[in-house]
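Here's the structure we're looking at; comments come further down.
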Amino acid sequence: MSSVWIDLSYLVVIALFIFGLKGLTHPRSAVRGNLLGSLAMLLAVVFTLMGTEQFDWSLIALGIGIGAVAGVILALRIQMTAMPQLVALFNGFGGLASVFVAGAYLILILKKSSPGSDVLVATAASGLIGAVTFTGSLLAFAKLQELKFIKDIRFPGQKLLNLGLLIGGIVLSVLLVNSPEHANLYYWLMVVLSLALGVFLVISIGGADMPVVIAMLNSFSGLAAAATGFVLSNNLLIVAGSLVGASGLILTQIMCVAMNRSLINVVFGKLQPSSGSGPDADVVYANVKSTSPDEVAIQLEVASRVVIIPGYGMAVAQAQHAVSDLSDFLTERGVIVEFGIHPVAGRMPGHMNVLLAEADIPYDQLKEMDEINATMDQVDVAIVLGANDVVNPDAANDPNSPIAGMPIIEAHRARTIVVIKRSLSPGFAGVPNPLFALENSFMLFADGRQAVVDILAALREG
Amino acid sequence: MSSVWIDLSYLVVIALFIFGLKGLTHPRSAVRGNLLGSLAMLLAVVFTLMGTEQFDWSLIALGIGIGAVAGVILALRIQMTAMPQLVALFNGFGGLASVFVAGAYLILILKKSSPGSDVLVATAASGLIGAVTFTGSLLAFAKLQELKFIKDIRFPGQKLLNLGLLIGGIVLSVLLVNSPEHANLYYWLMVVLSLALGVFLVISIGGADMPVVIAMLNSFSGLAAAATGFVLSNNLLIVAGSLVGASGLILTQIMCVAMNRSLINVVFGKLQPSSGSGPDADVVYANVKSTSPDEVAIQLEVASRVVIIPGYGMAVAQAQHAVSDLSDFLTERGVIVEFGIHPVAGRMPGHMNVLLAEADIPYDQLKEMDEINATMDQVDVAIVLGANDVVNPDAANDPNSPIAGMPIIEAHRARTIVVIKRSLSPGFAGVPNPLFALENSFMLFADGRQAVVDILAALREG
Amino acid sequence: MELTRLLLFAQETVAQTAGSESSGGQLMLLLTVFVLAIFIGFEIITKIPPTLHTPLMSGSNAISGISLIGALLTALSGEPAMSRILGTLAIILATMNVVGGFLVTHRMLGMFRKKKG
Amino acid sequence: MELTRLLLFAQETVAQTAGSESSGGQLMLLLTVFVLAIFIGFEIITKIPPTLHTPLMSGSNAISGISLIGALLTALSGEPAMSRILGTLAIILATMNVVGGFLVTHRMLGMFRKKKG
C-alpha cells in the first residue's frame, strides 16, 4: 500500500480517536466510544504494518501475540473491585513502552546520522516522562492491591530528593542533547533516575488518593506517547498522546475538586492526621448508642421508606450481594428502598455504582447525592453501610474540618439512622463523625456483610 | 526577530484565536472574546512583519492604512439595522483578498520554480471558493440593502447553469494543476467563472433568507483562507480559516433549524408562495375587526399586564424609540410591560434585541419565547407590532403550513390582541394568519411608528 | 459538501505527488492541522443562543480576514510587480474585513450589554 | 506543569535549531498539531459525571497505548539488534496496555448498563 494512503488513513484514525474519547464522556455513548477507540487502534496497527514493504513477521507477531494474550487474560480474570489497580498496571506498561521506543530509536538514528536537537529533546522527554509513569504506576498498583511489602513511606527531605532526581534527569537530558556521541549512555542514566523519581513521588501518597494519582499518571503516559510522536515525527502519536494528556489533566482536576482537595495537596501534602486540630473523638463519641441486628430488623419492619448509603466499608466487606438481598426482601414487602450514592464514596469514582451493578441492583434504585438529599426528610430508616466521611455533617458545620466544604449525603436528616461499621475508628479523612452520636443514631458494630446477613435473617424470622 | 520566535508566537496567536471564538459563544464573554480575536490578529500582523528583514514599508503601510480607515468609517457610520449587510460586505472583501493572494503567489512561484501539484490544488481551491464568496456576499449585501436594481431573479435552467459553472471551474482547476505553464491563464478564467457562480447562486434567494446565506458564505471565506494557508504552507491561516469554516457551517445549520428549514431548501427551494396549497386569505380574514389608536388607548388604560411582540415591521417602521416611550409611560402608571422576543423575529438573529437595546429598553423587560408563553394567559393586552409569522397559530395547528413546526409566541392566548400593521398582506412566509380574525383580535392598520405615537398621544390626553 | 469536495481534492493531489511523503510529511501535517482545527470549530459552536448568532457571524467573519497575513507575505516577497500589486490590493481588502469586522462586532455587542431601567 | 515544562523544553530546542524553519516547517507543524490536540482534549472533557471517571480513565489509558505504533515502527526498521529487541519489548508492553485497557473498559461499562428490576 502506498504511503500516501497510509497518511490519509491516519487522518481517519485520528478522527476516530477523537470521536471515541468524546463518546466516553457520556453515559449513553460510552460503550460505543470505547469500541470506536479500539477500532481506531486496530486500524492504526493494520495501516502501519501495510505501510512497510518487507518486515520480519516473526518478532512482530510474537510481540503482539504475547501482549494480546497477557492483556486479555488480565482484563478478563480481574475482579471488578480490583479494576483501578489493573488500569494502573496497564498505564505503567504504556509508560515503559515509550521509554523503550525512544531508546530503540535513539540507537537507530545514532547509527545512521547525527540527529537534530529537536529529536533529541523529544527523546529525552519521552524517556523521562515514560519512566516516571512506569514506576509511579507500579507503585500505585501495589498500594491499591495492598501488597504487604509496600507501606506509605515518608522520610525527611523526601521532597528535596525528588527535586534532586528531577534536576538530575533534566541535566542528563541537556547533556544528551548537547553531546549526541554519548547520547545512549545519558539516556539510560536519565531513565534510571526517572524510575527512582517515580518511586519516591508516589510512595508517600496514601492508597486512598491513588485514583487521582492514576489519572495524573495516565495524563503523563499520554504526554510520553506524544513526545514519542515528536521523536518519530508521527502525527498520530502526537494527537492521540496529547488527547490523553490533556483529558487526563482535566480529569485529575475534576477528581480533586470532587474530593475538595488540591493536586498539590494530594501529591505532597498529607490529610490532617486524626490527632490534629479537629474535635476530639472521645468527646464526640460520648453518647454513642449501639444496637443489634434484631433491633434493626424491628425498625425496618415498621419503616415505609429506607435509604441505604454505602461507602468504602461495603467494598471491604464485599457486602453488595447481601445488601441486594435485603433490598429485594424489603421491596417485596412494599417498602421503598433507595440507595444514596455519593460521588466519592469508596476509593474510586463510580466505585459504589460498579459494586451495586455487579449485585444486580436495579439502576433506578440508585440515586445521586442531590436527588436523595431532596427526599431525606421523609426517610424512616437510613442505613449507613461502611460509609463515614461522605455522611459527616461536620463537612458542612465545621469550617476547620479537613473535609470542610465537601458536599455530603445528609443522612442526619432521616428519622432513624443505623450505622454499620466494625468500630468507631475513622474513615479515610481521619476525623470523628458526630453523626454517630446523634439522638436518633444507632451503631451496629460488625463486619458489613455479616451485619446485613444477620438483619435479613432476623427479618425473615420476625 | 528570528523566525523561530515568530513560529512560536504564531502558536500563541492560534491559541488566542481559539479562546476568542470560544468567548463569542457565551453572552457574558462575548465582548472579551471579540477583543481577544482582534488582539490575536494584531499580533499576527506584527509578528509577520517582524519576521521579514527588509521590506517596502510604503506599499504595506498604504494598504493597511487605506483598509483600516475604510473599515473604521464603514463600521462606525453604519446604522445598527444595516449591520447584517455590512457583515456581508466585509465577508466579500475577505473572499476577494483570498483570490488575490492565491493569484499573486501563483505568479510568484511560477517565476521561480515549478510548484508541486498540492500547492496548485490549494491555489485553485482558494481562488474558486474566494471568488464565489466575493460575488455571493456582494449580492447578499445588495439584497439586504434593498438596492433598487437588484431583484430576486429566477429563470428556468438556473440550477443547470450553476452546475455548469461549478464543473467549468473544477475543470479549469484540473487543467491548472496538470499544465502549470498556463496556470495563470487558467486561474483567472476559473476566477471569472466562480464570480459568475457566486452571482447566480445567490440571486435567486429571497432577501429574508440572507442571514443564513451570509453565515454560509462566511464559512466559505474561512475555507478560502484555509486553502490560502495550504498554498503558503502557513499553519496560522489554516487554523484560523478552518475554525471559521467549521463554525460557520454549524451556525448555518443552527440557523436553519431555528427557522425550521433545510439548507438545501434555503439555497435552491423557494418558500411556498402565498397562493399555494395553504388556506385562502379571503376566507381566513372574513371576520377581521379594525380598531383605532383611541380605542387601543382605552384598552390599555384598564390593562394591568401588557406584552409587546415586535416583528420585522417594527424594524421597517423604526418604531423602537416610540415603543420605548409607550412602555415607559405604561410602566410609570403601574402596568407590567414585557416584550416577547421570538428567536427569528425580524430578518436577522437577535434583530429585535439589537433594536430594543438601541432604544434603551431595560434588558429584564425582554423575555424569550418560552418565558413569555408561560405567562401569556394572564396578559390583558398583547400588542403585535409588525410581527406576523412568529405569532401565527397555524404553525402549531396546520401541519401543511409552510411554517408548520416553527415554535411561536402564543399571542392568541392573551385576553385582547392588538395587531399593528399596514395592511392584511402576509409576512415573510407568505401565509395568512388566523390570529388576525380571532374574536378578541383588533387590527390597527397603520405604519408601526405612527400607530404607537398615536396611541401614546391618546393615552396622554385621556 | 464544500468540505468533502476540498478533502477529495486534497486526497487526489496527495495521490498525485508520488509516495514520497511520510506521516510526518509536510502536506500530511498541514492536513492534520486542518482536520484538528475543524474539530475544534465544531466542538466550540455547539449550543449558542440565537441572540448571539449575528455577533458570532460578524466576529468569526473578522477572523476569516486572516488572509491578511497571506496578503502581507505575498506583498512582502518583492518582485514581479503584478504580484505585489495584487498583494497590496489584498492587504486593503483584508484589512477592511479585519478592522471593520472586529469593530462592528464590538458595536453590536455593546448593544447587548445590560442597561439600567 | 508537566505541560509547560514540555513546552519550554520544545521552545529551547526550536531556538537551538537555528532560524531555518518557516511557519510551515516540520517541527512547527508538529507543535501546532500538539497544541490543537491539547485543545480538543480539554474541550471534550469538560463536564463528565463522576460515575464515568473510572471508565474514562481506563479508556483513555488504552488510547495512550498508541506508543504501540511507535514500537512497531522501530521494530520494523531492522538492524541494530539491540533496537529491535527494545522495539519488540515495547510491542509486548504496549499491546498489553491497548488490548487489556480496551477490554477492561468494556467490562466496566457493561456493569453500568441499565438492568431490569
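Lettered A, B, C and D in written order, each chain numbered from 1.
Keep this in mind: a contact is a pair of C-beta atoms (placed from the backbone, for glycine too) under 8 Å apart; a residue touches a chain by one contact, two chains touch by 3 or more.
The structure displayed is predicted, hence computed values, not measured ones.
Comparing the CA-atom centres of all chains against that of subunit B, the greatest distance is found for A. Taking A-D and A-C together, the pair of chains sharing more C-beta contacts is A-D. Inter-chain centre distance (subunit A to subunit B, centres taken as mean C-alpha positions): 48 Å.
Note: centroid distance subunit C to subunit D, computed from Cα atoms, is 29 Å.
Averaging Cα coordinates per chain places subunit A and subunit D 19 Å apart.
Note: centroid distance subunit A to subunit C, computed from Cα atoms, is 41 Å.
Residues of subunit D in contact with at least two other chains: 14, 17, 24, 26, 29-30, 32-33, 36-37, 39-40, 44. For subunit A, residues touching at least two other chains, in rising order: 18, 232-236, 239. Chain pairs that touch one another are A-C, A-D, B-C, B-D, C-D. Residues of subunit A that touch subunit D in their complex: 17-18, 20-22, 24-27, 30-31, 33-35, 37-38, 41, 44-45, 48-49, 52, 55-56, 59-60, 62-64, 66-68, 70-72, 74-76, 78, 80, 83-84, 86-87, 90-91, 93-94, 96-98, 100-101, 103-105, 107-108, 111, 116-118, 120-121, 125, 129, 177, 211, 214-215, 218-251, 254-255, 258, 343-344, 348-351, 353-354, 357-358, 360-365. Within the complex formed with subunit D, the subunit B residues making contact are 2-8, 10-11, 14-15, 18, 232-236, 239.
Contacts from subunit C toward subunit A in the complex involve residues 11, 14-15, 17-19, 21-25, 28-29, 31-32, 35-36, 39. Considering their complex, residues 2-3, 6, 9-10, 12-14, 16-17, 26-27, 30, 33-34, 37-42, 44-80, 82-84, 86-117 of subunit C touch subunit B.
Of all the residues in subunit C, the ones that touch subunit D in their complex are 24, 26, 29-30, 32-33, 36-37, 39-40, 43-44.
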